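Here's a structure for you.
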């Protein structure tokens, strides 16, 4: 049933000699969801996917699919199929033979096979490509063949290894939408490996972020972005200003954190579980920092939304401007030399001219904007 | 920088071109051409040979007595190649998919006998296959402790040498690395994810081997087969030292014409028959490689 | 690594391990037995009678064998030098220039490697007796000339292949940089290309040396009564019978080859390591 656990990693560890590729990972993937394994290269995400496919055997722990222990089951007897990063389309077979290969080795009769191959090719919009050879296909078409080849087996889980990394930027965008639609149509659980956070955020229902073999956080894309569990996640997903601070006030409905270089303690609209004096980090996304004009004649700080007056504002000087089209990124140097990044949408065609290099500005943010990180 | 036309640096070109061309012409093409000429000649006296343009030597080489030896040589080389393939494929597979350290160790282990002197390897086999060799003394000791108490007669040494069996053992022993190395190279070039994709789609290891690995590694397999077949066909030492009077191969007959029978024209004809067979094998290989190259070029 | 770490870890599966062990036994047992019995204190080479090195001592008293060994070394050394020069020229020629008949030259270059040894052997026999008779009464080592030329013929093709493979990894931008800095053809060859080639030259030289030292069939046809080489001498002894002395002589040659191979592998390994770093 949709929502139940279909895959379960139970304390899975993988060692190559002395190298720990995957370190005691426990994780559940739910029926029907689009799940992403996200992390920098070498974080163990691909190893985890390959263990799920059966290409690597865990050193410790168990892997369950539909409640059955498949840890020792070889890849050809697992109800999962994979779309390889380089697509691995067999160069010596036609498109139809590629797609029909899995059915053939399963002993499916020729007539049924032809029907299912045609159906799968239609699903990936390659209706009349059956007789082509793989070397006559573009990269995007080969990927469709790989998708059809895996889906035709009606697997319980479809595995995708960096599915979009080999495509050019425009095609990647189109393929994203198509993958989403495809998943909705076939209703199969998808597990995808990617190092590209945009890809994961755009496609996945839930993501697991990994680093050095360890599972860092499993959450929906918006939770990963807005409520990161660690400095690594906050920094890996999107761009962030990380400020080291000390907890000075901790009440159930608000907290204050002293940060070097900012005169008044930062004000947060929620409590933090920690003793006063605990050192912690504040993650502040650039787009959540407002830029205001600084008037030397009357240096009254602006008042950002829900924070008490004089809080969550700091003066600085613009040291770098990167015009990105839809928005501009400003690097602002504070009094003590540290720099904060602020992102401002270019709502009109003239907005980019509002702030110039070397200009003195106020930075301000809401009490609900920063995320507090203990690790 | 691409290759330059010869006239862009004529002095350097001449300096580089003359030694190899002269060498190939004077010391490779000329000796073979002389033999080729002799193959159409006849003996006047013991050392005076007239090149008469006669096909008599070839006709004689294709008479039943010599044709049988020629066919036997082809058969021996074919059997040797087949055994080397069957023995070598699992070895090549294991090496190709081993970790880097195990792979290096295994490759060196395969190469070391390959580099050891052919004569010495053949001699080593001779020593253990002899009637009084290690295998027979081991078998005799076993027979003495197991069979004799059960009432069997005295031990009869196994006929392990001076027969066709010994020649085949020798040919396989010597040529196994010739097969393993090209097979390994072909398997190593193979995209691993294609094998994984086949397993992932439900094929077992044997189905994967047959439907994916063998078709994709075919040029390498053909290479291995040809590279093993050619030297096995022209083998001299294995039949000479391990074979009996009945297991002579073409190289032994050629040798006899030149060193004892002193029938150079006939020896030359036999030698060129061997060369033609070699060229046919090479042409097969070139054809197979061109086809696979053409397929790759399309992609 | 008792259990496979994945489906393609064939080496960890017991049937394949058994198979490899069998192949290993097949390849190595005869050689090991040969080496072991070279130290056997008995004329017979089947039953162990105790350790001795007297067969090795007897080798060093055998004047003919020592002379044959000396011949082999001289032939290997000189033919290697020739093969190195001609092979390198060939590799450079094919790498650098475009000319009519290039494809033909490439095809012909592979022939000395694939032509059956026996065919090449008898061709040299006829050539050096009937066409260009090599004078037998020349003083040593000039009387070895025919064998040297024969060896250089088949080994220069191998050298050309090895050196060409090395040239393939050459960064063409280096030539352009040198030319940009004012170097001409000769300086480029001397200062840029040849230094890059050194590992290939060493590997090619070791290959040519080993091939020459190991060759029996071609030498067998080219050598005369005064120009016996080590393998030809061993062959004469082998024809006679299996004796511990032959085992000892063989062991020495195995050792020499193993050393040369190890050297070649080590040099190539060091070379690969450098490129990876």
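A, B and C label the chains in the order they appear, each numbered from 1.
The rule is simple: contacts are C-beta pairs under 8 Å (C-beta built on N, C-alpha and C of every residue); 3 or more make two chains touch, one makes a residue touch a chain.
From a predicted model like this one, the values you see are computed outputs, not experimental measurements.
Considering the contact criterion stated above, the chains in touch with chain A and with chain C alike are B. Across the assembly, the mean Cα position most removed from that of chain B is the one of A.
We define each chain's centre as the mean of its Cα atoms; on that basis chain A and chain B are separated by 57 Å.
Computed centre separation for the pair chain B/chain C is 17 angstrom, with centres defined by C-alpha atoms. Contact of a single residue of chain B with at least two other chains is seen at positions 196, 199. In chain C, the positions touching at least two other chains are 7-8.
Residue positions 54-55, 74-75 of chain A are each in touch with at least two other chains. Listed in rising order, the residues of chain B touching chain A in the complex are 191, 193-194, 196-204, 207, 211-212, 215-216, 295, 298-299. Listing the residues of chain C that touch chain B in their complex gives 7-11, 16, 19-20, 23-24, 26-31, 33-34, 37, 44-47, 85-87, 89-90, 92-93, 95-99, 105, 108-109, 111-112, 114-120, 122-127, 130-131, 149-150, 152-153, 156, 160, 172, 175-176, 185-186, 189, 210, 213-214, 216-217, 221, 231, 234-235, 238-239, 242, 246-247, 250, 253-254, 257-258, 260-261, 265. For chain C in complex with chain A, the residues that touch the partner chain are 3-8. Contacts from chain A toward chain B in the complex involve residues 53-55, 74-77, 80-82, 84-86, 88, 90-92, 101-102, 105-106, 133-136, 146, 149-150, 153.
Chain B meets chain C in the complex at residues 1-6, 9, 12-13, 15-17, 19-21, 23-24, 27-32, 34-35, 38, 47, 49, 87, 90-91, 93-94, 97-99, 102, 106, 108-113, 115-121, 123-128, 130, 132-134, 137, 173, 176, 192, 195-196, 199, 205, 230-231, 233-234, 236-237, 241, 251, 254-255, 258-259, 264, 267-268, 271-272, 274-275, 278, 282.
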